[in-house]
Structures are given as C-alpha cells and as structure tokens.
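In the two complexes below, subunit A is the common chain; its partner is subunit B in one and subunit C in the other.
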Partner chain A sequence: MSQSYNRGLVEDFGRWKEFSAGMWAWIFHKFTGWVLVGYLFTHIAVLSTAIPAQQGEMVTNSAGEQVDVYTNTLTLLESTFVVRLLEVGLLAVAVFHILNGIRLLLVDLGIGLESQDKTFYASLVLTGAIVIASVPTFMAGIGGA
Partner chain B sequence: MWLLQRVTAAFLVVVLAFHFFLLHFYHHAFEITLMGTQTRMQDVGYFATMWLFLVTATFHGVNGVYNALVNQGISGTPKTAVKAILGLAGLLLVAQGTRVALYMNGFLA
Partner chain C sequence: MSTQVPETETEAETEAEPAGESHQERRMADKAARREYRESEKKAEAELRAAEESVHLKVFRYDPEVEDKQEPRFDDFYVPYTKGMTVLDALMYARDHYDSSLTFRHSCRQAVCGSDAMFVNGRQRLCCKTQLSEMAEPVRIEPLPHQDVVKDLVVDMEHFYDQMHAVEPYFQSEDVPTEEQRQSRENREKIKMSTRCIWCGACMSSCNIAAGDNEYLGPAAINKAYRFYMDEREDEEELKEHRLRILEQEHGVWRCQTQFSCTEVCPKDIPLTEHIQELKREAVKNNLKFW
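Moving on, here comes the complex of A and B:
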C-alpha cells in the first residue's frame, strides 16, 4: 500500500543540520542573489546623481572646491572606510554568485553532476582566494594613502 | 522564463566580471569622475553593453526574487501581488537606469 509523507517545506531553515552541500549552495546562491538585487537598486539610485550633475549642479567639497554633485557623491562614498568594507563584501557576494552560477549552468547541462559537492567547495575556496587577493585594490587610496 | 533566467545568467557572468575589473582594477572606484563616466558612456559599444547589463541584471534579479518567494510557498493573491510589484519595480528600475545612462552620454541634458 502506498503511503505519502509530508516532508515539509524544502527550505525549512529549522532543518539546517540536515542540509547537504547542494542545499547550502542553493541557500548561499539565493542569499547572494538577494544582496545583489538590493545593491542594483541602490547602485542606480547613487548613479542618478549624474542627472543633476549633467544639468550643472555643483557642490562645495571638503577641500572647499566646487565640484559636480556626481563626482562629489562618489568621492565622498569612496573616502568612507565602511563603504570600502561593504565593497569587499559585495565583491565576495558577486564572485560566489558568478562561480556558483557557472556551476549551476554546467549542472543544468549535465556536466559535473557527479562532483556537485566538490565544485561547491571549490567555488567557496576560489571566492575566498579572489576576495583576499583583491583587498589591497579595494582599499587603495583610503585616507589619502 | 526558466531558459531566459539561464541565458541572462550566462551573459551576466561575463559582463559583471568585466564591470568589476574595469571600475575597480583598471580604473579605481575612488578616481571615478563625471568626465570619465561621460567619456566611457559616449562609446556606443560600452553604452550598449551597460544598457544590456541593466536590463538583463534587472530581469535576472527580479525574476530570481520571484522564484525564491515561490519556493518559499507563496500562492494565490500574495503571489499575484508579488508578481505585479516586482514587475513594476523592475520596469521602473530599467526606466530610471536608461534615463541616467542617456544623461551620462549627453543625449539628454
């Protein structure tokens, strides 16, 4: 006699101890996706300062010079340590999403089905290595250095 | 939608990596000025790539959020409402992003 089981919601986070590598990859991909789409809206909002800048809106910067509002906004943001730190975080999120995305595209094509776990761990390691190697570039020029 | 999510993914892998390299490694983000942005955006190929980047990233992101919420089990009216809100948010983002891009390349002033 057949019997059905209610296995509950696939993404029931209360069951995190039962999650396999594939499930963690799925969750990380989703989390990084949420961050990236949130950033996309913020990014366009910041870049929108190009509109008043093109219309000639000038502001006085910290050195007392007259600069356009777009350049001033970006310079001000980039001179903030927390923003630089968040950029490194954004890089980590983007790199993982790209690498795991490639992994997912390959799996969808039937490539690497047998080594899904290994490729997930490789994505994590490669993300870590790329992010650490990029820290000096992302922190360049902070504090007038 | 399933196929479009993957096609945009393949495009975004390349363009997102290019965007990061160009504006963090080739040019430093802290050195970006309106003049530099204008110069880049006046190149038709760069403008077209960035506009396609905006459209594909918006679709991929908004559709991804929708898929995530469907996986979480939303259905019925909430599902319809989420679809409408995300669709509208995506259209507004593309409209504003296009407007910004056209100001950046000097088409609008």
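Moving on, here comes the complex of A and C:
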C-alpha cells in the first residue's frame, strides 16, 4: 500500500488502546511463539555443556572445587536471581502459548467462535493463576524464600 | 439508523457552471452562493447557541489538488445535537453549514448502500448506523485506513471491488434451468448471513493481513465466495472445485490468521471469520482424500 503522506497514527502501535481482543491474542501468540523459539536455542546451548562433561572435562567452581562443566553451568545459572525471574517469564510465555494455541485450534475447528474474546481472556487469567502459583517453586532457595 | 431529514440543503453549486455564461453572470452567481453560505453559517451559529448540547467533531482533511490541504490535518466542527443524530447526520450538518468542501460518500442513510464506512473513534464504522450519543467526544472521523485517500474522507475503493470480483460472484451453471430453482430452507439459513454484505469495505480496512498483503482476497470477497460455494442451487462438482481453487490459492483463505477484526467491525454482523474457517476446512477436506 503506497501512501504518499503520513496518515498519522492510523496504522500505528500508538493506537494499541483501540485493539480488540482477537488482535491482542494474535500479537501475544506471535510474540510468545518466537520467544519459545529463542528459548529453544538458548536451551540447546546450555545443555550442550553436557557433552564435554560426559568426556570428563572438569572446571574449578567459585568455591574452588573441581566439578564437571555441566554441573558448574547449571549451578551458576540457578543461583542467579535474574535467571529464576526469566524462568517464571518462560513459564508464563509457554503456558499462554499453549492455552491460546488450544483456543486457536478450536477456532480452526469452528468451535465457539462467538466467544473467542472470552476464551482469550480466560487463557490470560489461567496463565496468570498458574504463573503466580509457580512462583514459590521457582524462587525456592533464592532471595527471601 | 439515520432517520432525520436534514433541515437545510442549501448546498450551492459553485463549480459546475454551464459554459458560455458571461464573466459578469458568473461573478454574480458566485457572490450569491457566498451570501447564501454566510447565511447558513449564521444560522448554524444561532442553532448552536439554541441547542442544549453540541457535539465536537474532529474531521480528517486532505486534498492533493488544493494547496493548503495537501498537508493532512484535522478540522474542528461543533454541531448542535439532536436526539437520534448519527455520525453521518453530524457530518452532513458540518458540510451544509460550515464548509461545503468537506467531502464524504453517503447515499441511503440507512445502512443499505454501504458508502459511508469510515474510521470513527478508532474503529471502522458505518456512519449512518452509528449514534453520536454512543461516541466519546471529540468524535474523531478519519477515512478508512489501509486505503488510499482521494479527498477528505473519501478513499479509493477500486482495489476492494477488484477483490470482490476476483471470486466470480455470480452463478455459473451452464444449463439454463427448465423450472424454478428452489432452495431448501436449511440452505437459505446457511447462506443467509453471507448474503447481507453491502460492500462497505470496513472489514478489509480492519484486517491487518490485508494491509500487509495487497493480493489477499480479504474477508468480504471470501464471504462472497462462501455465499456461492455453499449455495445448493449451483451444485456441479467442477464448479465447486473451481471456486475452491480460487479460494485456496496463495493469497486466499490461508492468509487469514483469525484475528476476528473483520467480524468485529462488520456493520451487518456477518460472521466473517466463521465463514473463512469453514472454507479452510472445505479446502482441506477436498485435498486430503484418505477415505
């Protein structure tokens, strides 16, 4: 679409307040989908340290002990607050993607199209509930807990 | 729906003058028109003062052919509010009393002709079907997004019409029927909603996919195809195949990502997403024949 001049905020994200439920569901679904793809690669990178560990490669950890590379990587990551926070975020993203994914599959089957906005809100609320419930588990042994 | 008859229709024709008139006559006519216009403006002022309520409109203005309108801007109009007034009524009042160059399409004023879909307060709406009382002020009126603006609130609908025609919206049976072609009640119910389309273009304008993919058929055209595909009176297998082939092409039904934007804005409440999804399933059924 060629437009010879600036039509202001008509097509802009600046109009996000005017987006409808279905539009938000679409945006969140795309976003969470790509975050999951991004996580997949990070996950592979982290797990890859298990290969040298298998061959007996050892490193010295912060306490001066000799541990294998894989154990070292994981204990290091799991002791960081930011990583724990990211894990909660990952859960949120995954749960939303799965719940909304089920909603989309139902939409593809032509089931409940009249209440598509309600099912979107339901997946948001359910995601929120599951994430909050998971916080104690994820934060165990770090910070206040 | 707009049921009011506008009180004043004093639109003076200043442009279309018959050729051959003397300069003098033309000037006189111009002057008369201007006088008439000043009067209607005065009348509007009086009406505005007398009215209990007035409505503030912010209207998009743009005209590539007029120098000081080449830069798009918003004009403010204050219109006396009367009960039952629609957005279209307000626009007509503004045009008839303040600025006769304010340009927009309208005709039936009762949601039948489909000419006045616009972007009102951030949403595609049919102006004659939109009550002013339901709009937050100032009422911001813009031309349909994702279509080229010709002038003010008028957009170029050519592409939309092309897409509508691309699905071949007519019966194509070769044989001339020998008797009355009857349709079962069930079949009528099935296609009923899809026949309601008034070609307003609101759905296409709201669709984020259509905005990014110019070749996408768009919700209205797919709905139009649904209306013919599902009609039992055209029952030849080849024709059904033919229609499906148009629909399942690269820029057909599969572009739809079920954002529901079209269904939200359709002034005739056509379940567009539902129809698109049903055609997707038809396409799959037709191509996967395990049974």
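The definition used in the following text is that the second predicted complex is superposed on the first by the 124 of 145 C-alpha atoms of A that agree within 3 Å, B and C clash if a C-alpha of one lies under 4 Å from a C-alpha of the other, contacts with A are read in each partner's own complex, and residues count from 1 in each chain.
Throughout what follows, contacts are C-beta pairs under 8 Å (C-beta built on N, C-alpha and C of every residue); 3 or more make two chains touch, one makes a residue touch a chain.
What you see is a predicted model, and the numbers here were worked out from it, not measured in a lab.
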>> One more residue to check, A:23. First (subunit B), second (subunit C), both or neither?
In response: second
>> Touch test for A:50: subunit B only (first), subunit C only (second), both, or neither?
In response: first
>> Which partner chains sit in contact with A:107 here, subunit B, subunit C, both or neither? Use first/second/both/neither.
In response: second
>> By residue count, which of the two partners contacts subunit A more extensively, subunit B or subunit C?
In response: B
>> If we overlay the two complexes on their shared chain A, which of subunit B and subunit C does A:98 touch? Say first, second, both or neither.
In response: first
>> Touch test for A:116: subunit B only (first), subunit C only (second), both, or neither?
In response: second
>> Looking at A:68 after the superposition, I want to know if it touches subunit B, subunit C, both of them or none. Which is it: first, second, both, neither?
In response: first
>> If I apply the document's touch criterion, which positions on subunit A are contacted by subunit B in one structure and by subunit C in the other?
In response: 10-11, 104, 108
> Inside the complex, what are the residues of subunit A that reach subunit B?
Replying inline: 9-11, 30, 33-34, 36-37, 40-41, 44, 47-48, 50-51, 53-55, 68, 70-71, 74-75, 78-79, 87, 91, 94, 98, 101-102, 104-105, 108, 134, 137-138, 140-142
> What does subunit A use to touch subunit C in their complex?
Replying inline: 1-8, 10-11, 15, 17-18, 20-23, 25-26, 104, 107-110, 113-114, 116-117
> Which bits of subunit B are touching subunit A when the two form their complex?
Replying inline: 6, 9-10, 12-13, 16-17, 20, 24-25, 28-34, 37, 54, 57-58, 61-62, 64-65, 68, 71-73, 89, 93, 96-97, 99-100, 103-104, 106, 108-109
> Within the complex, which stretch of subunit C touches subunit A?
Replying inline: 62, 64, 70-72, 119, 122-123, 142, 145-149, 208, 211, 214, 257-261, 263-264, 271, 273-274, 277-278, 280-281
